[in-house]
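Both complexes shown next keep chain A, but they swap its partner, so chain B is in the first and chain C is in the second.
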Partner chain A sequence: MFGCNLEHRATSVSQLLLGFNVLMLQADSLHVVRSNKAVLNDISFTVQRGEVYALLGGNGAGKSTTLLSFLGFLLPSQGRVLVKDKDVGADVMAARRAISYLPESASLYEHLNAIENLQYFLGLAGVDVTLGDMDTVLDRVSLAPDARKRNLRDYSKGMRQKVAIALAMLRNSDILLLDEPTSGLDPNAIDELHRIIRGLADAGKAILMVTHDVYGACQVADRIGLLHSGNLVGEFVAQGDDRIDTNAVHTAFASKANSSSLLSNPPSSNPQLSKV
Partner chain B sequence: MSAFKFVLNELKFSAKDRTLLLWMAVVLGLSSLSVGFGLSEVHSQKKVIENLIVSDRQDRIAEQGKLSDWGSAAYYNFHLTYNSPSGFAFAALGQRDEQPWKHRIRMLALEGQIYERDVGNPSVTLIGRFDFSFLASFVLPLVLIVLLYDLRASERTAGRYNLLESTAARPASLWRLRALIRVSAVSMCLLIPLVFAGWFAETDFLTLLSASTIVLAYAIFWSLVCYCFSAWRKSGSVILMTLIGIWSVTAIVIPASARLIVDRTVALPSGADILMLQREAVNDAWDLPKDATMKPFFERHPQWAHYQPEKSAFEWQWFFAFQQVGDQKTEALANAYRDGRLQRDHIAAWVSLIAPPSLLERSLQSLANTDFNASNRYESEVRAFHRKLREYYYPKFFNHEAFDKAALERLPEFNSGAQAAQ
Partner chain C sequence: MNQILGVAADEWRYWRRSHLALGGAIVFLILVISTSLLNMLRIDAETHARSQNQTQAEDTFRAQPDRHPHRMVHYGHYVFRAPAPLAIFDPGLDFVTGQSIFLEGHRQNTAMFAESSSSADFGGLSYLSPALIYQLFAPLIIILLAHGAIVREREAGMLVSLLSLGLTGSRLLLGKGLALLSFIVILLLPLVLTCLFAVARGETFSAVLSLFGAYLAYLLLWGVIALWFAAIVHKRGTALAALTGLWFVMTLILPSVAVNIASNKAPVAGKIETDLALLAEQRGLGDGHNANDPAFAQLRAELLAKYGVQRLEDLPMNFRGLVATSAEEKLTTVLNEYAEKRMAGEVHQEQILINHAWLTPSLAISFVSRSLAGTDLAHYHRFQKEAEALRFSFVQGLNRAHAEKVSYEDDINRNKSEASWQRVRVSAANWQVLGAYQFQTASLSDRISTSLFSLRILLIWLLAFLCLFLWSGWRIKP
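Right after this comes the complex of A and B.
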C-alpha cells in the first residue's frame, strides 16, 4: 500500500511536468432522449489528460449512453459533448479517431487468435504496428505468449479483455472509453486490469470508465461521478495521494439504489413509500 | 490509410471466415453439378440426334429397295427433323425438357405427328431439371440472403458493432466492402464452372459474356436488396424472414399466381382435342364419298382440280388428300393452340418484369435458344418441312409421273435452324 502511494506521488509530479491539465472529454449540460424518454438530464463533467474518471451507477442509470454520446452514436438533444475541445456532433470521425473504445464484454472475433484480431482491428483503424509492437503490448497486459496463437474461443473472459485492452493501447489514442471493463472478471484479473488502467492514465491517457463496481472505481479512479436515473447526483474526488473513500461512495450509491428500489415497488405493496 | 490496405485487411479477414468459405464451397459444388447435369443432358441429346441422322439415312436407303411407286415412297419414307441444342443449352435446358426437339415425319397428316414426344417421368418433368439457370435464378438469391442478412445484425448481437464502427477509419465502406467481398466470392464460385463448361461446350464467347453479365447484374440486384435490409435496426431473424418473404413472393407467389390467372384468362384447346379431331377426320374419310375429301383439298390446290378420283379403287392421291384435309379440319384448333401459347408466353414475359427470378431464367433460356420461342420456331420449321414434302410429292401423284428411284435423292432435307445459328 505504501509502495502504491509512492508510485502515485511520483506520477502526480510527472503529470504536472507534462502539463496534464488539458481537457480531453467534456460533457456540457448533456441531455439525451431515446424513444421519447430522457435518459440523460443536464449532465456536466470533464476528464483531463492523465485522469481516470469513473461513472458509477446502477442498471439504466445512463452510463453507457454517456459513452455512446462521446462516440457520436447518440447525439444530444440539448447541450453538447466535446472531445479534445471539438464538438462531437460537428465531426464524429475526428472524435472517434481520438478515442479507443472498449465495449462491455468486448467481443472480438472468436475464430481469430489474439494477433489476428489485433491485426484486423488495427488494419481497420488504419494503424500500422509491427508484430514486435503487438508482443510488447501483450506482454504489458500479461497475456501468456503461448496463448497468443490460440483462437479467442478458447480464452477466458479475462484473457479476452486483455486482448481488447491491448487493442486500445496499440491504437495509441489519447482517450480511452471503457464500458464495464471488469464485468465478469475474477478478482485477480480485476486487480491486473486496474493496474493496467492506472498505468495508462499515468502515461497520459484520459480514461472514462463506466462501472457499477464501487470498490473497483474507488481503487482506480481519480474522480467518480454518481449517476442515477440519468442525473449526475454526486462527484467524489481523490485528495492528494489518498484514494476515494469507498465507504462514502458506497453509502451514497446504496442510498440511491435503495430509493430506486423503493420507487420501483408499487405503493400498495410498500406502505413506507405511500407515507412519503 | 490507403484503400488498398483497407481492402487487403478485409480480404484477409474474409479468408478466415468459415461461413463464407463453406458457402463458397457449396455454390461451387452446386454450380459444377448443375453444368455437369446440363452438359450430360446436352451430350445425350446430341448423341441421339447423331445416331438418328445415321439410322434415318440407313432406314430410307433400306426402304427404297422395296419401293415401286411414289405413293409407297411417301408412305414408307420417314424424315428426321431435329432441333440441335445450342452451345449454351447446357446452362438452361428450358423447354427442351418438355417440348419435342426431334420428330420422324411422314407425309401423313402432320397434326397427328407434331405433338408426339418422348415419354418421361412426369414427376421429374414437373419438378424440372437442376440446371444452371435454376441455380442462378432461385438458389443464388437464397445464398446471398444467408450471407448478407446479418451483415450488421450479427455484429450487434455479438456486441461488436459499436467497436467496429468506432474503430474503422471508414465505417460506411467497411459494410459495403464486406458485402462486396462476399457477393464477389459467391458469384465467382457460381460463374467459374459455367465458364469452364462454356469453354468445353465451345459456347459462343458473346453468349457466355452476356450470360455472365446478366447473372452478375442479378446477383448485384439481390445483394443491394439484402444490403439495404441488413442496415435495418432489427434482429437478424426479422431481417431474414423479411428477405425470405421477398424471395418467396418474387420466386414463387407472383409466377404461380400469374400462371393461374393466365391459364384461366387465356383459354387453350387441349392437344388431345386436336389429335382426336384429326384422327376422326382421317378415319371417317375412308367411309365418305371421295368427293367429300377432294372438294376441300382442291380448294387449297386448284392446280390439281383436273384429277378425277376413281369411285371404288384405292388411290394414293385420294389417301394423301384426306390426310391433308384432316390437317385442314384441325387448323383452327391448332392455330388457336399455338396463338394461345404465344399469348401466355407473352404475358409471362411481362409478369417476369416484377419477378426477377423468372426474368433471369427466361433471359438465360433465350440466350440458350431453349425458350418457348425456340420451341415454337422448331415447330414452324417442321411444318415448313412437311409443306416441302407435299410440294415434292403432289406433282408426282397428280401428274402421274413415272416412278424414279434416283429422284428420291432429291427429296427435301430438314435443316435445323438452331443448328445453323450455332
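Right after this comes the complex of A and C.
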C-alpha cells in the first residue's frame, strides 16, 4: 500500500513534467442519431493526457457509439467531438491517426501469426517498428514467445487481446480507445491488462475505455462516467491516491442502469457520486 | 500507395494459405494448359492436312489428261480453309462450320465438315477450347477468390479496426482489386503462351496483344463485379450465392436464350427449301447444256446478226461454249443472290445475338475473341465468297476454252466417231486456269473493326462496374 502511494506520487510528478492537463478527447454536448433514434443525448466529458476515463453502462447505453464518434465513423447530429482540440468532423483522418482503437473482440487476422498481424496493421498505420520492438512489447503483454509464430486461429481470446494491446502500444498513439477490453478474459489476464492500461496512462497516454465491468473500471480509471440510455447520468472521480469507491459506483449503476445482473455485490449506502 | 500495396500483399498471403482458392486456381491452370496443348496439336494436324489436301486437289486437277473442257467443269475441284493461327486459342465457328468446299459448274456447294477424326467425338468433348474455358470458368475462379474480399472483414468485425488505422474504404478495396488484378494476369499467362505459338505460325504481335487486352478487360470486369458484391453485402454466403447465380445466368442461361431468340426472330431458310426455290428459278434460265433451249434464242440471234452469218457453224466461236458461259453467268448471279440473302440472314442473326451482349458480357467477349482470332462469321463468309469467286473463275475459264478451242461442228458431232471425239479434247495446258488458293486471315484492323461493337459493349460493362466498384469503396463503413 505504501509502495502504491509512492508510485502514484512519482507519477504525479511525471504528469507535471509531461504537460498533463492537456485535453486529448472532448465530447461537447454530443448528440448522435442512428436509424432515426437518438443514441447519445447531450454528452459532455473530457479526457486529459495521462488519464484513464471509463464510460460505464449497460448494453445499448451508447458506449461504443461514443467511441465510434471519436473515430469519426458516426458524426454528431448536434454538438461536436474533439481530438487534440480539433473537431473530428473537420479532419477524420487526423483524428484516426492520433488514436489507437482496441475493439471489443480483438479484430485481427486469423490466417496470420502474432508478428505478421502486428507487421500488417502497423504497416497500414504507417508505423515503422523492428522485430525487436515487437518482441519487447509482446514480452510486456506477456505473450509467450513460442505462441508468436502460431496463427491466431489457435489463440485463446486472452491471447488475441494481448496481441491487440501490443498493437495499440506499438502504434504509440497519444490516445487509446478501448472497447470492453476485459470482456471474456480470465481474472489473471484482467489484472495484467489493468496493469498495462495504468502503465500506459502513467506514460502520458489518454485512455478512454468503455465497459460494463464496475470493478475493473474502479480499479483502473481516474474518472468514471455513468452512461444510461444515451445520457451521461453521473461521474465519479478518484480522490488523491484513492481509487474510486466500487460500492458507490455499484449503487448508482444499479439504480440508473437497472442492470442488477451485472453486479455481484450489493450496492453501498454511501455513494460518492460527484455529479448526477 | 503503401497501404494499397500492403492490403494487396496480405490478400495474396490469405489466398496462399486458403487451400480452396489455391486448389481452384491450380485446377483452372491445368485445365486451360491441357486444353491449349490438345487444341494446338489438333489445329496443327488440321493445318497440315488441309494444306496437303489443297495442294493435292490442285495438282490432281491440273494433272488431268486432255479432255472436253466441259468434263473438267464437272470434274470439279476442292478448296480447303486452313485454320487461322489464333484458332489454337479460339476455334470459334470453325467447330460448327465446314472447312472444305467442292467447286463445280452450275452449283454452289456448301462447306463440309472435313475432319474424319471428328467421327470419334460422339460426345462433343473436343469442343472445349481455351477460349471457352476463359469465358466460362475463369470468372468462376475469380468469384471463388474475390467473393469474400471485404465481407470477410465485415463479418469478423475487422473493418472498424482497419479503418481506424487511417485506411480508407477505397484504399482497402483498391488493395484487394490490385491483388485480384495480379491474379488475373497470372490466369492469363497460358493465353499468352498459346498466343505466342500463334505468333510462331504467322500471327501478329498486335493481334495477340489485342486478344490479351480483351480477355484482361473481361476478367477484370468479373473481378470488379465480385469485389463490388463483396463490398456491399453483409454475409459471405450471400456474396457467394449471388455471384455464382449471376455467373450461371450470364455465362450459361442468357447466351443460350439469346441464340434461340436470334434464330426465331431472324429465321434463315433451310437447305432443302433453298434448293427447291433455286431449282424453280433455274428452269427459267435455261439449260446451259442444251444450245437449242429457247432461253438462248436471243443470244443465238444476236450472235448471228453480229457476225453476219446464217448458221451457228459459221460463227468464229463455239456457240455451245458461249451458251455454257452465258448460262453459268446467269446462274451464278442467281446463286449469288441466294447466297447473299442467306449470309445477310446469318449476319442479322449474329447482330441480334451481339445486341444481347448488353445483357451479358460473355456474349461480348465471345464475339470479340472470335473476330480477333479470325474464326468468326465474317471469316467464314469470306471463305465462301472466295471459294465462289474461284469456282466462277475456273468454270468460266473452261467455258472460254470450250468456246474458243472446240469447234461447234466437232462439238455437236463428238459422239458420232472416235475421230470427232478426239477432236473435242483440248490440251491439258488449259487446266492451268485454276488459280492457287490459300485462305488468309483478315488484317488486324479489319478484325478490330469487326469486333468494335462488341468490344465497346464490353468496355461499357467494365466502366459501369468500375464506377460501382469505386462508389462501393467510398461507402465502406464498419
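As a working rule, the second predicted complex is superposed on the first by the 256 of 276 C-alpha atoms of A that agree within 3 Å, B and C clash if a C-alpha of one lies under 4 Å from a C-alpha of the other, contacts with A are read in each partner's own complex, and residues count from 1 in each chain.
Keep this in mind: a residue touches a chain if its C-beta (ideal position, glycine included) is under 8 Å from a C-beta of that chain, and two chains touch if they have at least 3 such contacts.
These figures come from a predicted structure and were not determined experimentally.
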Practice task
After lining both complexes up on chain A, report clash or fit for chain B versus chain C.
Solution key: clash
Handout entry: Which of chain B and chain C A:Arg195 touches, first, second, both or neither
Key = neither
Handout entry: First (chain B), second (chain C), both or neither touched by A:Arg243
Key = neither
Exercise for the section: Pick out the stretch of chain C that clashes with chain B after the overlay, from 308-316, 398-406 or 434-442. Expected result: 434-442
Fill in the blank from the handout: In chain A, both chain B and chain C touch residues 68, 71, 73, 96-97, 99, 101, 103, 105, 107-109, 111-112, 116, 120-121, 123-126
Problem - Footprint of chain B on chain A - complex, ascending - result: 68, 71, 73, 96-97, 99, 101-109, 111-112, 116, 119-121, 123-126, 171
Fill in the blank from the handout: Given the complex, residues on chain A that touch chain C span 68, 71, 73, 93, 96-97, 99, 101, 103, 105, 107-112, 116, 120-121, 123-126
Handout entry: chain C to chain A touching residues, read off their complex
Key = 2-3, 6-7, 10, 13-14, 17-18, 156-158, 160-168, 477-478
Handout entry: Complex contact set, residues of chain B against chain A
Key = 1, 5-6, 8-9, 12-13, 16-18, 158-160, 162-169, 174
